[in-house]
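Each structure below is given as structure tokens.
Two complexes are shown next, each including chain A; its partner changes from chain B in the first to chain C in the second.
Right after this comes the complex of A and B.
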């Protein structure tokens, strides 16, 4: 294992503006046999990856062109019929809308709050900030089933935390049937998702902010910049790459996490008003025995998340800032 | 140093274990000893009765290796293997589950014909299975294609109806309504005292409600027509009357119903009955066990009544849920599986099941039911009440169309006013027509 040569760092003082890339000459020193050794080492992993990731993904695409119940040998090729039916399926469109709504709401709110909290925690030397960080991070390690149980207590229409507090404040008019009102339920799900994710993103942003050199803040303070100005002109540009990475996470979680949460909390109800793409896909593929149709929804989910990730990544590209 | 070889050995052992785990459940290495694989859903009856049963059967058949797989999420565990072509020999699973495994296999015609089992002699006894079965058990629920071939053996049966608190009715001097007119009168009386007439755990519980109501309104023939998607059936006056009665009943629903009608909170709707906040809910025998630790009003006593008749003296149907056992076509030991199925109807097996309140449709067994649910089974003794078995026929799947979701879940939208009864009827007509066109 020790055969891989670590390149000596040469002159150890690192100059600002120069990334610590491999020192020149390291590549030539690498023996020829190393390449083969690396390939052999990678082979098992690549084989597993192909078997468990690439092949199933290709199967999804293939199955979306068939009408199949999931078990029998009767697979009927139907071409793009499944996709044509999707366009007419009101419930599919509603699930799609819900997914997009969750994606937008959860991303904007979590990112905004996460950034704000991270900035406050790193820049303002808050007393007990480790405690806050700990408390905010806890929801992230909870199982979704526990989260669903917690929010069942929070949203309870009679003795729930929210409605109870509102009653206490004599704001009875603001009380809602949080999980029973078809126009409110998706926001209730969104709130639970924000609550769950906030701590995680806050910690990521804090880690990123901690690496921003203190001198920059000191220099800008001497120039008379306030905390707000510092945040927008120093912090934000310097953690830009981290922000872009988390945006991809948001897209993934809006698709995946929303499914588990909806399944545990509302079951897609009332009357399908909180269904999201994956919960509808599950319903179609299994409960409704339309496996091929479910896989067509899977293809849409795949294409959608891929496309959105690509667009977001393109739209947020900036020349990397170095310091 | 010892540590490194030890760690390597441990890693190697783990890797081997993983590989073994992957290949596990494969072929029975035990030579010519046959393996009978039984998969059972662990429902409200618990798992003890199955382990006891398997032990008893194993003792009788030493030449057979009987293996039991039992789980609350049975479908998730057996489906992957089934997709890979490894089938259990016998499966005991209720219908109407979310994963809809039984229904899918029926749609696929992937079940073994079990008509022969009915004429088999029960092992260790003189009678045939058919002779032991209670009357009226072989029907749409066991012969899913509407012919005389049986694919689903009826295992356990349970009545479902309107569950209520007997003590509250006695205390207030109210009569359990026998007609819908009396029902709505009671609704007004109860409302004046701050009690809601109706609630449901989740909209899915309305299945037994609708089946009985359809049969009460239009008779058995109409019920079968609805279940088999007869052309234009949802545009008939009977269908409209069914929806109108339901809509009227839903206007008396407890206002908390919809907000709690989800997987997480449905017990809060059931609690409303225990707390005397609502009078009736559609439910089954399992609710007694499900809510056994819940607090309740003083003197609370479980009771069940069938749906009221449409007019005085009219027929009243009691929807009966039948849990069934079946053999997948892909099973390896079909003969051993059929022997085992016949054994399930033996007195010995019935006794083991009855201990866990799992009541089989065997003649004369209902009288042995004890405890709180005895009254539920007692309803079958009432001559004016007819048992109703069956549900929507299994058509070929239609993408994006589910008649059950359309019929049941819309109730949530009716209560909240998001949909009208006209929209409901139109959606049902649409779904029913599409399913009929898809054929079976």
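Right after this comes the complex of A and C.
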């Protein structure tokens, strides 16, 4: 029981393994020349994969052990010094806090709301379901830069949608400097993240809920169970595996989304108060040219997100239900 | 007993969904409308409609802010990236799904691990690697070749989406019954012909899915493009990011909003088309089933 990692969004049950029917006697039908065909088909992909993914990944770990200011050839091996320095770096700790806060807030809100909406849409057979689904999925096809630009416009201090509307309603007191106030900015980012991710997860949960047999609901309705009870005793247990997979996957992707969004929307500001781990890494690498230090942050983020995913996956494990 | 008019659960959920849908439609629609406003119309209430269609914003964005050129770069990079990723991933996925060879377990494991490598972590080493290559070639090409090269960007896009693409395609290949290949083999077709003429056409749904996801990934990316094209040639997303920065200084909203529309519209069009196909496909399947 070493690894409980699940491939992103693959239905775990639908793994089409190598059953005899699926792989047409590949071993029995082996012919001369197979080797060359396999090599020609496989090598270009593997070469690119190794060059642009595996090698850079190893580089991240290697570089984290060096002190290196970029283009000059002076690499100095410093062992774990970069990691030791991290512990005293206030800005690193702040971006770590921000990352954790965003993970918790955004995960809870997105998952909770996504589940509730999916349940409502599938169970109540609302009119215009397709339209709602179409609209709620839109943010997921927009680029992060566009989302950042939209929210910069919405949050704009003077002429933004929110503050402009509040002024119109004579509610000037509620106006905020949404992206410029150190205590508000992280929630503004969190809202944009939920806005982006909600529809995607709702669509996944809807697909998963559609496969729950209708008889179960009919039977429990006869026993007098209400909609809320049905949700917790039927829907939730039966889509548990999907929920686990998406949760694991969401944590990994939220770490990255928070970075690209912060990079495009606030640049980590004001005064570093919305920095997240990866944006701080990027800043150290490029603006500060401390590549080794930046990569040490990268290693920490990687280990952190992997660990959290693993823990969540462990904590949510339930024996599979048969139905 | 008095009857109290309690709103039914349907009313509550319809209301909730409508509010959320409006939270999405209003900001996006607001950008579309605002892109037609004149400079002075941006001040005051955000809810006023523009007096006329101020198309000058689009001219400004396309020509003055170079979004037209960036658009061309984005189209080129996206198309080239798609061609490259399909050219290397389709044969590899087929072989992984259908052939036994030494080291297959290792290859599959490496590709699976690759699904978890996010480009955000490795974009810095990739950048430094290209800097090194350029430096090695400095005598041959003093201006550099690897950085600021849209083709190189397309290659990096293709390479970083290989694990996902092979994962999706090979799981689909595995679901296709082997009878077709056996029949083609009896007819004397070569391995290559079986792959290109029999299997790839049958895997069309999976290929379409892969193209759609990768299209969105390449078109929407900005971190890799920002890093690997630091010079004049930019992609649309990076161009938009620059417009955002410029607008903060000059309060020139019109150009920015027009730029946003230029970036949003192609994606929304593609999405609307897929959506229709998706629903039609589901309906057709339902009739047959």
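Convention: the second predicted complex is superposed on the first by the 261 of 323 C-alpha atoms of A that agree within 3 Å, B and C clash if a C-alpha of one lies under 4 Å from a C-alpha of the other, contacts with A are read in each partner's own complex, and residues count from 1 in each chain.
We take it that a contact is a pair of C-beta atoms (placed from the backbone, for glycine too) under 8 Å apart; a residue touches a chain by one contact, two chains touch by 3 or more.
Just so we're clear, the structure is a prediction, and the values are computed from it rather than from any experiment.
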Who does A:264 touch here: chain B (first), chain C (second), both, or neither? both
Applying the document's definition of touch, where does A:222 land relative to chain B and chain C: first, second, both, or neither? neither
With the two structures laid over each other on chain A, which partner does A:315 touch: chain B (first), chain C (second), both, or neither? neither
If you count the residues of chain A that each partner touches, which comes out higher, chain B or chain C? C
What is the contact status of A:89 with respect to chain B (first) and chain C (second): first, second, both, or neither? first
Determine, under the contact definition given at the top, whether A:179 touches first (chain B), second (chain C), both, or neither. first
Answer with first, second, both or neither: which of chain B and chain C does A:169 touch in the superposed model? neither
Is A:287 touching anything from chain B or chain C once the two structures are fitted on A? First, second, both or neither. first
Considering only the touch criterion stated at the top, classify A:152 as touching first (chain B), second (chain C), both, or neither. both
Overlap of the chain B and chain C footprints on chain A, listed as residue numbers: 70-71, 148-149, 152, 158, 263-264, 286
Touch list for chain B against partner chain A, complex: 79, 82-83, 98-100, 103-105, 107-110, 202-203, 256, 258-265, 268, 397-402, 405, 409-413, 416, 418-419
Contact set on chain A toward chain B in their complex: 67, 69-72, 74, 82, 85-86, 88-89, 91-92, 148-149, 152, 156-158, 177-182, 263-267, 269-273, 283-284, 286-290, 292-293
What residues on chain C touch chain A, complex-wise? 9-10, 13-14, 16-17, 20-21, 23-28, 30-31, 34, 42-47, 87-89, 91-92, 94-101, 107, 110-112, 114-118, 120-122, 124-126, 128-129, 131, 155-156, 158-160, 162-163, 166-167, 171, 174-175, 177-179, 181-182, 191-192, 195, 216, 219-223, 237-238, 240-241, 244, 253, 256-257, 260, 263-264, 267-268, 270-271, 275, 279
Taking the touch rule as given, give the residues of chain A at its contact with chain C in the complex, in rising order. 5, 7-8, 10, 15-18, 21-27, 30, 33-35, 37-38, 40-42, 44-46, 48-49, 51-57, 59-60, 63, 70-71, 117, 120-121, 124, 126-127, 130-132, 134-139, 141-146, 148-154, 158-161, 164-165, 167-168, 195, 198-199, 227, 252, 256, 259-260, 263-264, 278, 281-282, 285-286, 291, 294-295, 298, 301-302, 306
